[in-house]
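Below: a set of structures, written as C-alpha cells.
The same chain A turns up in both complexes below, where it pairs with chain B and then with chain C.
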Partner chain A sequence: MGRFIVRRLLAMIPLLFGITLVVFTILRLIPGDPVVIMIGAENTSPDEVARLRGVLGLDQGIHVQYVKFLGRLARGDLGVSLGSAEPVSRLIWERLPATVELTLAAMAVSLAIAIPVGVISAIRKYSATDTAGTVVALLGISMPSFWLGVMLIFLFALRLGWLPASGRSEAVSAGLATLLTTGSPAMLITAVSHLILPAVTLGAGLAAVVTRLTRSSMLEVIGHDFVRTARAKGLPGRRIILHHSLRNALIPIVTVIGLEFGALLGGAVITETIFAWPGIGRLAIRSIVQRDFPVVQGVVLMIAVVRICANLAVDVVYALIDPRIRYA
Partner chain B sequence: MRSSIRASATLDAAAMAAPAAHEGYWATAWRRLRRHRVAMVGLAIIAGIILLAVFAPFISPADPLAIDYAHPAAPPGTAGHVLGTDAVGRDILARLIYGTRVSLQVGIVAVGIAASLGTSVGLIAGYRGGLVDNLLMRTVDVFLAFPVIVLAIAIIAVLGPDLVNVMIAIGLVAWTTYARVVRGQVLVLREQDFVHAARAIGTSDARIIVRHILPNSLAPIIVLATVGMATAIIAEAALSFLGLGVQPPTPSWGTMLNEGRGFLRTAPHISTLPGLAIMLTVLGFNFLGDGLRDALDPRL
Partner chain C sequence: MDPGLSTDLYSQQVYSHVLEPLLQLDPDGVPRPALAESWTVSADGRIWTFKLRPNVKFHDGSDFTGEDVKFTIDRILNPDTRSPQRGLLSQIASVEVADRNTVRITTRAAFVPIMTNLATAAYILPRGYHTRVGRDFARRPVGTGPFKWVEWIVDERIVLEANPDYYGGRPAMERVQFRFIPEASVRLAELEAGGADLIAGVPAQDLRRLRVSLLLDLQEVVGTNYRLMGFNTSVKPFDDVRVRQAIAHAIDKQKFVDVVWPGRGVVAEGPIPPTSWAYDERIRGLPFNLNRARQLMAESGHANGFDMNYLITDREEERREVAVIIDQLKQINVNVKVTAVEFPTLLDRLLKANYDVLRVGWTTSPEPDSLLYSPFHTSAIGGFNFTKYRNPRVDELLDRGRTVTNQNDRIRIYRDAQRLIVQDAPMVFIFHEKRTYASRKAVAGFKPHVSGWIVLKTTYGIDVRVGLTR
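Let's turn to the complex of A and B:
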C-alpha cells in the first residue's frame, strides 16, 4: 500500500510540471506587453517600461523566466496582484475555505439525495418511483447550473423569502464551534441558511449523475450470486441491501465522486458568481474582468493542483475499500 | 463495432437500398436508431432547433435587436409580444429564435475543433505508440487536470471575450476525450488482420490511418460529438452568463439569462425562458447521443 502511494506521488510530478507549463504559457500568451497592461497605456514612458521589465524579470529569456517562476512557486510565491498589490497566495488562501466549504456542502447534498434515490430506483426497477427518478435525473443532467441557481433565488429568496439570496455570513465550522461553546445556535443557522441555495445549485448536476450511476451499479450487484446466497440464508432485506449490495455498488461511485470533485471546483466558479459567494471562483472572474492576470493564473493553478490531489486521494481510498485493487 | 473491413466511411446508396440480410453497418445502425424512441424525440428537437436557426428571419415575429420603448419588461402574452419583452423592450421570442444560431454555431465549430484535434492526436498516439504516444497522452493528462470551465475561462482571459474566441476556447478544452477514446480504438484496430494485410502490400502509414483505421473508429467519435454538442452549448451559455462569452446586444441564451437576473422580482420570465431553451436543446442532443450509443455500439 505504501509503495502504491509513493508510486502515485511520483507519477504526479510530470503532471505538475505540465500544469505549471500550461499556466505559465497562458500568462505569456496575452497579447501586448504585460508591463503596459499593468500600468496602463496612458502613463508609459519608455524608461519606466524598461525599468519595470527589469524588475519583473521580463527582459530575460522565456526559459529563464519559467525556471524562476517554478522557483518562486516552490516557495509558495504566486506573484502579486496587479490590482491590489497584495500577494496572490494570500488572496487565494483567504478565499479557499469558502470554496472548499461550498464544494463539500454541494457534495454532501448531492450524495444525500442521489444514493437513496438510486438505491430505491434499483430495488423497485421500472416502478413509478424509478421512472420519476430517471426523468428528474435526465433533466438534472441537461439543466444549466446557473439557470437553476437563478430560479432558486427567485423562488426561495424573492418569492418565499425563506433563505438569503446571496452572500456568506460565517463559516459553518465557526457556527458549529459557537454552538458547542456558548450553546447559541443563531450563528450556525445563519451560516447554513446562506449555504443551502449555493450548495443545491452546485450539487444538482452531480446528484443527477450519481443517481444514474447508483441505480445501474446496484442493479448489477443485486444480480450476483452472493446476494442470492444472502437472501437464501434468510437475511433481512435491509441488511442485504445495505451491507451486501450497497457496499459493493459504492466502488464505481467513489471513483466518479473523486473525478467529479474537480468538476465541482470548476462549477463553483459559476455558482460563486451567482450567489456572491466570497471564494476563489468569484476572485477569478473578477480578476479576468480587471485583467489582473497573476491572480487568474494563481487560481487556475490552485484548482488544477487541488483536483489532481483529489484524484490521488480517490485512488488510495479505492485501493482501501477494494482489496482486489493494488495497481501492480 | 463490427470487425469486418470497411474501406470507406461514406454511406453509399447501394448499401442503404440492399435488403436487410446484407445491409451495411450504417444501415443497421439507422434501423436500430429509428426504433429508439428517446433518440427520435431528441432528433425531432434538434431538427426543430436547426429549422429555427436557418429560417430565423422568416419565423421570427420581430427584429431581435429592435426596442419597443412602450413595453419594457412586458410579461408573456402582451399584445405583439407572445413571450413578452426583456428589460429594454426587445421581443424575447425573437431573441430566443435568433439565439439558436449562436448556440448551434458554437456547438458545431467547437465540436469540429475538438473532434478534429482530438481524433488526430488519438490516431497518431495509438498508431505510433512508444515515445510519441507517451508524450501526447501525458499532454492529455495535463489538460484533463483543469476543470473544463476553468480552462475555458483562462483561455478567454487571454483571447478576450467574443463569439469566435468562445468557440476556440471550448474546442481547445474538449478535445482530450476524443484523443483518449480514439487512441483506445486504434490500439485494438492496428493489430487486426486487415491492417496487417494492408501493411503487407505496402500501403503507407498515412493511408492506413485515413482509409482503414479512421473509418472503423467513427462510431465512438459520432457519439462523443453528439454529446459534445450539448456540453459546448452549455459551456457557451455559462461563459456568456458570466459576461465572458458572446457580448450584448447579440442574442445568446446565456447573455439573456444574465441580463434578466436584475429583474427577477418584477419580470422573472426574462431569465426563465432562455434557461428553458438551453435545457430543451441540451436534452435533445443528450437523448440523441444516448440512442446513437445504443445503435452504433452496444458496448460503449
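Let's turn to the complex of A and C:
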C-alpha cells in the first residue's frame, strides 16, 4: 500500500506538468491585455502600457515566460498577482480554508441526506417513499445552483429570517475553538448559520446523484445470493441491510463521491459568488475577468492537486471497505 | 488597499474613508479643499501652491506635513512603484516642500485637470509609517480621514471605526463595515433582511418596486460616462461623415433607452452628461430623423444600404440593445451583423482598431478633459482615440481646455469642442448610464457621488454596513 501511494504521488508530477502547460498556453491565447485592464482606460497611454508590460515580463515570448514560471514553481513560488501585486500563494492560502470548509460541509450535508434516503428507497422499492425520493432527487439534479441559491436566500433569509443571506462571518473551526476555550457557543452558531445555505446549495446536486446511486446499488446487492443466505440464516433485517448489503453497495458510491469532490470544488465557484463566500472560487472568477494570469494559474494548479489527491484517496478507501482489493 | 497600487473602484470606496487627498471632489465633481486649505496658481498656469491644513495628525499619531505630500506623489511617479495612477499625475514635473505647511507642485505645461487628478489619484500617505511597514501598508492603511482601519477579512468584510481626533469633528457612528457581495439580487436581499444598510448597484428589475418602497430609499445618479456606438473612421464606408450622420439620425435613442434601459439611463446629446459641471444644455445630438438619414445615405451613394459589422460584448443588456439597433437601422437598409465577445477581447480589438463599428462605454472622473481628450484628440490615435478621429480645431480646443483656469471659460471651450464632435459623428452618443443605490431609512440623506463613489456622511447615529459589488 505504501509503495502504491508513493508511485501514485510520483505520477502526479508529469500530470501537473501537462496541466501547467495547457493552462499557461490557453490563458495567453485568449485576447485581452492584463495591463490595459489593470491600469484602466482613463490612465492608459500606449507607451505606459508598453513600459508596464516590460516591467511585468509580459513582452517576452510565451516560451520564455513559461520556462521562468516553471523555474519559480520548482522553488514553490507561484508568482505575484498582476492586479494587486501580492504573492499568489498568499491570495490562495487566505481563501482556501473557506472553500475547503464549504466543500466539506456540502459533502457532509449531501451524504447525510442521500445515503439514508437511497437505502430506504431501495428496501421499500416502488413505495410512496421511494417515488418521493426519486422525484426529489430528479429535482436536485435538474436545478441549477444559482437558481436554488437565490431561492433559498429568498425563503430562509428574506421571508422567514432564520438564516443570514450571505457572507461567512467566522470560520467554523474558530467558532469551535471559542466554544472549547471559553464555553461560549455564540460564535459557532453564527459560523454554522452562515454555512447552511451555501452548503445545501452546493451539495444538492451531489445529494441527488448519490441518492439514486445508493438506491440502484443497494437494489443490486439485495438481489445477491449471500443476502438471501443471510436472510435464510435468520439474521435481523437491520444487520443484513447495514452490514451485508450497504457495505458492498458503497464501493461505486465511494468512486462517485471521490470524482464529485472535484466537481464540488468547481461548483464552489458559482456558489461562492452567489453567497459572497470568501473562497478561491471568487478569486478565480475575478482573476479570469482581469486576465490576472499568475493567479488563475495558481488557482487551477491548486484545484488540480486537490482533485488528484481526492482520486488517490478514493483508491485507498476502496482497500479499506473491500478486503478483496489490495494494492502492491 | 494601497492607494498608489490598487486599481479598482471598490478599494477606493473603502480607503477614501481612511485616507484623504489634498482636494476632494464634491458630489458634483468640483474640487474642494480637503488636506489643502487653499491654493493659488502662477500666471503661466504651471506652478500650483497649496497651503496645507495645520495641526492634522495621522491615525498613528504622526503629524501631517508637506513631506507626506511629496512622498505620496513622488512614489506614484516613480516607475518602480508600478502605480496604475501614474498616468493621471504624469504631467507633474516636481513637488517641492516650501515649508511645513506649503507645497509647490509644478506641471510640465499648464494643466488644469491636475486638480481633479490630485483628488482622485493622490491619497496622502504617512511617510514615516509607510516607509516602516512597506507593502504591508495595503493590509493596514493609516491616514488622516474620519475613520480608522480596524480589520480586513479578505473578500468578506472591512471594518472601520470612528477617528475621535478627526479635525472635522468626531463621526457620530462608532463603526462602518464594508462587505463585498458580488450578486446584485443577494445584495438587495441583505439590505431587505437587515444585513446591510446601504448597497451600491440595485438589480434592474427591482428599481420600480424600490421607487415606491416605504422601507427603503432608492438613490440614482447619472454617472460621468457615455455609452456609444463608435465608427472606425479609417474603413469604408464609415470614413464618410454622411454615412456616420445617417446612422446617427436613424437611431431613436429615446426608444432605445425605454426598451433596454428603462429608468436606468438618460438619452445622451453629447459626451458630457447632465450631472457634470461642464454640461451645457445647448448641446444637441443629431436628432432622430429618418428622412434626413435616408437623404444622407443617398447622397453618399448608399441608397441601397450595406452590411455593417457590429462588435459588442456578451452582456445581456447589449444583446437586447442589438435587437433594437437591427430594427432601427433596417429602416435605412443597413443590415447589422453582430459579433459578441468578452469585454477584454473587445478592448483588445478596440485598441488595435480591428473593428468596423462597436459598442462601448467610456467612464471617467467628472473632469471634461478625461471625458474628451483621449477619445478625440489626434495625439491619442493608436491609444484610446479608437475611432481614429482627426479634427485640428477640436485638438486646439482640447489643448486650450487644459490651460484655462476659469471654469466658465472652460465650459465654453468644451461646448465648442462637443459641437464639432457631434457634427463629425465619429461616435453616436446614445445614453448616459445611471448608478443606483438603495438604503434603509436610517441612513437617510445619503447622496451618491457623480463619479460613482460612496462617500458616507459622518453624521449617522448607527453603525453603517455598506454592501459593495465585486
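Here is the rule we go by: the second predicted complex is superposed on the first by the 288 of 328 C-alpha atoms of A that agree within 3 Å, B and C clash if a C-alpha of one lies under 4 Å from a C-alpha of the other, contacts with A are read in each partner's own complex, and residues count from 1 in each chain.
The rule is simple: contacts are C-beta pairs under 8 Å (C-beta built on N, C-alpha and C of every residue); 3 or more make two chains touch, one makes a residue touch a chain.
The structure presented is a predicted model; accordingly, all values stated were derived computationally and were not measured.
S.K.: Between chain B (first) and chain C (second), which does A:85 come into contact with in this model arrangement: first, second, both, or neither?
M.R.: So A:85 only meets chain C here.
S.K.: Which holds for A:93: it touches chain B only (first), chain C only (second), both, or neither?
M.R.: Touch partners of A:93: none, neither chain B nor chain C.
S.K.: In the overlaid three-chain picture, which partner chain does A:265 touch, first (chain B) or second (chain C), both, or neither?
M.R.: A:265: touches chain B, not chain C.
S.K.: Which partner chains sit in contact with A:226 here, chain B, chain C, both or neither? Use first/second/both/neither.
M.R.: Touch partners of A:226: none, neither chain B nor chain C.
S.K.: In the overlaid three-chain picture, which partner chain does A:154 touch, first (chain B) or second (chain C), both, or neither?
M.R.: Both partners.
S.K.: Which partner does A:284 contact after superposing on A: first (chain B), second (chain C), both, neither?
M.R.: first
S.K.: Which of the two partners, first being chain B and second being chain C, lies in contact with A:276: first, second, both, or neither?
M.R.: In the superposition, A:276 touches chain C alone.
S.K.: Using the touch definition from the top, say if A:167 reaches chain B (first), chain C (second), both or neither.
M.R.: After superposition on chain A, A:167 lies in contact with chain C alone.
S.K.: Could you tell me which stretches of chain A are touched by chain B in one complex and by chain C in the other?
M.R.: 30-31, 150, 153-154, 158, 273-274, 289
S.K.: Please output the residues of chain A touching chain C within their complex, sorted ascending.
M.R.: Spelled out, the residues of chain A in touch with chain C are 30-33, 36-46, 48, 51-52, 55-56, 83-86, 91, 94-95, 150, 153-154, 157-158, 161, 164-169, 273-276, 278-279, 282-283, 286, 289, 291.
S.K.: Considering the complex alone, what residue numbers of chain B touch chain A?
M.R.: Of all residues in chain B, those touching chain A are 138-139, 141-143, 145-151, 153-158, 230, 234, 237-238, 241-244, 254, 257, 260-261, 264-265, 268, 271-272, 274-275, 278-279, 282-283, 286.
S.K.: Can you list the chain A residues touching chain B in their complex?
M.R.: For chain A paired with chain B, touching residues are 14-15, 18-19, 21-23, 26, 29-31, 138-139, 141-147, 150-151, 153-154, 158, 262-263, 265-267, 269-270, 273-274, 284-285, 288-289, 293, 296-297, 299-300, 303-304, 307-308.
S.K.: Spell out the part of chain C that touches chain A in their complex, as residue ranges.
M.R.: Touching chain A: residues 5-7, 79, 82, 84-88, 90, 135, 138, 153-157, 179-183, 185-186, 189-190, 192-193, 195, 341-345, 347-349, 351, 362-365, 370, 374, 380, 382-384, 470 of chain C.
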